[in-house]
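The data blocks that follow each hold one structure.
Next come two complexes built around subunit A: one with subunit B, the other with subunit C.
So, the complex of A and B:
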C-alpha cells in the first residue's frame, strides 16, 4: 500500500517550508505515553503509544545453556511479530524484511547500551544461564515503530522481575518475585530514526510520511557518565545522506535524547 | 441429590457456580482497523481487529458469490507463564478455524463477492477461556466494522469440576483433578436464538448433562450480550461510530 505521487510531492513541498500535515515541526515528536502490566504472565511488560502508533513489549525469562563464546553471560533474544492486527499492510506468513530488521535493531539498541548486566544472569557458569526474551508486537502502526519498540523494550526491562525457582531449580510462577533483572544504573537507551524525504529530514513520521521517505537512519543512543554515546546505527533506503545532514542529526539527537528522557521520567 | 452436591461445592475464587468473571468490553481500540474490540473475562484479555471486506489474493481463493471470512487466533508470547514461541501452532490454527465457524453463521457476506474479511484475534493475557473471549471480541469488531450481521455471537465455556457444572473456568479450575476431574466445554451461540455455533469439548461429560450445559451457556450468553451491546452503544455515543 504505497502512497500516491501526489501525496509525496505535497509532502516534499510542505517539508521544504518546514510544515507537516499534523502541524508539527520537522523534528517535533508526537505525544508519548507509557503504561505497564500488559500481561501479568510476563516477567515485565509495557505498552507504548506515540501518537496513534501503539506497541506492546513483554519480557519473559527462561533457563538455558550459555553460548559457547560467552559461558559467563546470560542470553538476550529480541523477537518481533508484525501482526496483521496492527495494519492492513501486514500479512500472515514468514516475516518480510521490515519484520526481520525491527527486532535486530532493537536487539542492538538494547545490547550495545549494556543496560542489561548479562554477566549477572549466570546460574552456573558454562552450564546454566538466564535467557531474556524481549518480544515486540505492534498493535497499531502509524509510523516510527522502531523507536516505539526500543522504548517499550527499555520500559518492559525496567519493570521486569526474575522468576522464582522451586527446590529442584525449576521456575515456579506461583511465587511472587521481587528481584529485578540486573540493569546498569543510570543507563537508559533510546533510539531515534531520522527519515529523509526529498531534501528534508524529519523525526517520528506518521505512516504516510514514512512511506514517502527515501532513506531512514536509526541511531541507538545512551548516556554514560554524562557523555552521550551512539551505540548503534543503521541506514536503510537507497537515497544517500550528506555529511551536513549527518552533522545536523547529531546536534538534534542529543537534544531529543534529553527531551524524551525528561518526558519519560514520570513513566520509567 | 445432585442439587445438594452442587450447593456445597466451593469454587477456588469464591464465585457461584453460574457466576462469570467480571467482563469488560471496549470497541474501537485499533485506529488502523475497520473494526476492533477488546473483551475480557477476569484475567483473560483478548483483542480483535477486522480488516475488510478487501480484495482477496490469490485470486483462486476468491468466492464469486460472497466474501470469504478468514480468522486468525494466536497468543502473544508473554501472555502465558512459559513463553509461547511466536508464530502459529497447531493449536492456534485449530482455534482459528473453529472461530471462523463460530462467527460465520451470524454474517451476511453475500454483498461482497471476491473479497475477504480478515479477523485478527490476539490474546494479551491468558487465564483460560481465551478462544471464547476472542470470539466475543471478534463479534464486536465485526459489528464495529459494519459487516452486515444477523445478530451478535456470544461465547462462553461451561466446565464440569468433578460433578459440578460451572460457568467460565479459570486456568486454576481447568487444572482441577479431584473426582471426575475438569471438563471444559467451549460454546458460542447466536445471541437471540438457540442456535449454537461453537461446541468444543475436552474431558468427559454424561449425555444427559449436555442439556444442562446448554442452558447454563444460554444464561451466561445473555449477560455477555448485554456487555457487548453496551460497548457498541458507547462507541457510537462517544464519536458517532467513527474509528
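So, the complex of A and C:
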C-alpha cells in the first residue's frame, strides 16, 4: 500500500511529538537477529531480521580473472534480487532503481571499509584471483532493507570459508578448506540510513514510514584504531538536508554504531 | 459510518452465529485435511467434497454450521463484492473519474457522476487529489473492472487521521459480533474508526496517543484471530495498557 496523504500528515505530526506507531524513539532501532549457515550450497550465509524485515545473504567464491586496473587484487561483486515475495512494491523483470541502488550501496559499504583484504585473494597475479560474490535476497521488506542487507553481507563474509582447490587447480565446492576469507581484523562496517520526514529525522523506518520519507541518507561507518570512519555516503530524495541535521546525525551514528556492535557481539 | 458495521456484521454472523452453547468447534485445518467424513455434510466456502470426505482447501479455521462445513481462511486477499464498503486511495485522475487502489487484484473506478456533489471536470483534483483517501461502496464488480460510488451514508472523502492495512480475511474479527469489538475500541480510545472490507482501516482521534492506542488494539485483535472470547481479552488488554 503506497502512502496516502492522510497517513503522511499524521506521521509528520507524530514525529514532531517524538512518537512512532511502534512506540520507539525516533532514532531507536528494532530488535536485530542474526543466524548463520542458512544455505548449505553457499560458502557463507546469514539471515538477518530487523523487526519484520528479513534478508538472506549468501557469499559464493569463484575463480576469475582480475580487472586490468587491479591485477594484484581479488574481485568483489554484490548483487541483489528484489523478489516480489518480499513486498508488493517489487515486480518481476529487469531491476528498477531500488534494485540497482541496493547492491551498489552494499558494495561500497563493504569495499570502502576494507574489511575484505582483496590483495590476499590473488592465486596468480594478473591471471587468476578469487571473486567474492555477495548475493542479497530480501525475504520480507518492512523498511530499512539497506541496513539489513549490509549487516547481512558482513555477517555472511565472516561466516564464509574458502573452498578447497583440487590437484588441477579447480575448485572443489564439496570440501571447504576451513580457511576464512582474509578479513581485516577489528573492522566491522555497518550502515545507517537516516530518513527525513517533514522536519524530523528517523532511523530504522518501517515500510510505511519509509514510503512517507522525503529524503534518505545512508552512511557506511566502521571503527578503525578507535576512530570512527565514514566510508560511504549516499543521499536520495528531493528534500535537502541542513548542516545542523547532518551534524546531529553524526553524533547519533557513533552511539548507534557502538550500540549495534555491542548487540552483535553474541552473533559475530 | 454505521452501515459498514452492519455489513461487516453480516459477515461475522456467518462465522460465529452458531453461538457458544451449540457445538461450535473451531479447529485449525490445512489444505487437503479431512474435516469430517460422511454423506450428511455439505461443503461450504473454503471446503470441498472428495469422495466420502469433506476436505479443506484453505489454511484456516474449520467450522460446522449445522450440516454445512466451512473454512474461514487465516490469510487471504480481498475479493471485492457488490455493496462492500471499502477504503481506497486515489492513484490517478482520468477525464471521466478517479482511479482508486482498493487493495484488490484490479483497481477500481469512481465515475465523476457518483460523487455526492457536482464536480467540475476541470477541477477534479480539488475534490479528490492523488493520494487522497475515500470511503466508498462497491457498485458493481465486472470482468472489466470495479465501479464505486460515494452516494450513501457515511461515504466520502476522509479528512484527518491515518489509514493502515490489516489482513482482509480478519476484518470480521476486528468488527466483532454486531460491531462489539470495534465499538469497544472506539469507546476506550475515543477515536473515530472506519473499517473497510478490504482491510484498510481509518482512525482519527483527538490526539496522537489515542490514535496509536487504537491502532495497537486493532493489531492485537488481528494477531489473535484464532482465540475465542476475544472481546474480553481486548478489554483486559486495555486495562493493562492504560
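By our rule, the second predicted complex is superposed on the first by the 266 of 268 C-alpha atoms of A that agree within 3 Å, B and C clash if a C-alpha of one lies under 4 Å from a C-alpha of the other, contacts with A are read in each partner's own complex, and residues count from 1 in each chain.
Convention: a contact is a pair of C-beta atoms (placed from the backbone, for glycine too) under 8 Å apart; a residue touches a chain by one contact, two chains touch by 3 or more.
Quick caveat, the model's predicted, so the values are computed rather than measured.
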Checklist entry - Which of the two, subunit B or subunit C, is in touch with more residues of subunit A? => result B
Item to check | subunit B versus subunit C as contact partner of A:87, first or second or both or neither | outcome: first
Next on the checklist: For A:13, using the defined touch cut-off, is the partner it touches subunit B, subunit C, both, or neither? Pick first, second, both or neither.
Outcome noted: second
Checklist entry - Just subunit B (first), just subunit C (second), both, or neither: which does A:117 touch? => result neither
Checklist entry - With the two structures laid over each other on chain A, which partner does A:234 touch: subunit B (first), subunit C (second), both, or neither? => result neither
Checklist entry - Between subunit B (first) and subunit C (second), which does A:62 come into contact with in this model arrangement: first, second, both, or neither? => result first
Checklist outcome for this item: The intersection of the subunit A residues contacting subunit B with those contacting subunit C is none
Item to check | Of all residues in subunit B, those that touch subunit A in their complex | outcome: 30-33, 43, 45, 47-49, 51, 54, 72, 76-83, 86-87, 118, 120-122, 124-126
Checklist outcome for this item: The answer for subunit C against subunit A in the complex is residues 89, 91, 101, 103, 129, 131-133, 158-165, 200, 202, 208-209, 211-212, 215-216
Checklist entry - For the complex, which residues does subunit A have touching subunit B? => result 38-43, 45, 52, 54, 56, 58-60, 62, 79, 81, 83-88, 92, 133, 135, 137, 139-142, 171, 173
Next on the checklist: Taking the touch rule as given, give the residues of subunit A at its contact with subunit C in the complex, in rising order.
Outcome noted: 1-11, 13-14, 17, 19, 21, 23, 208
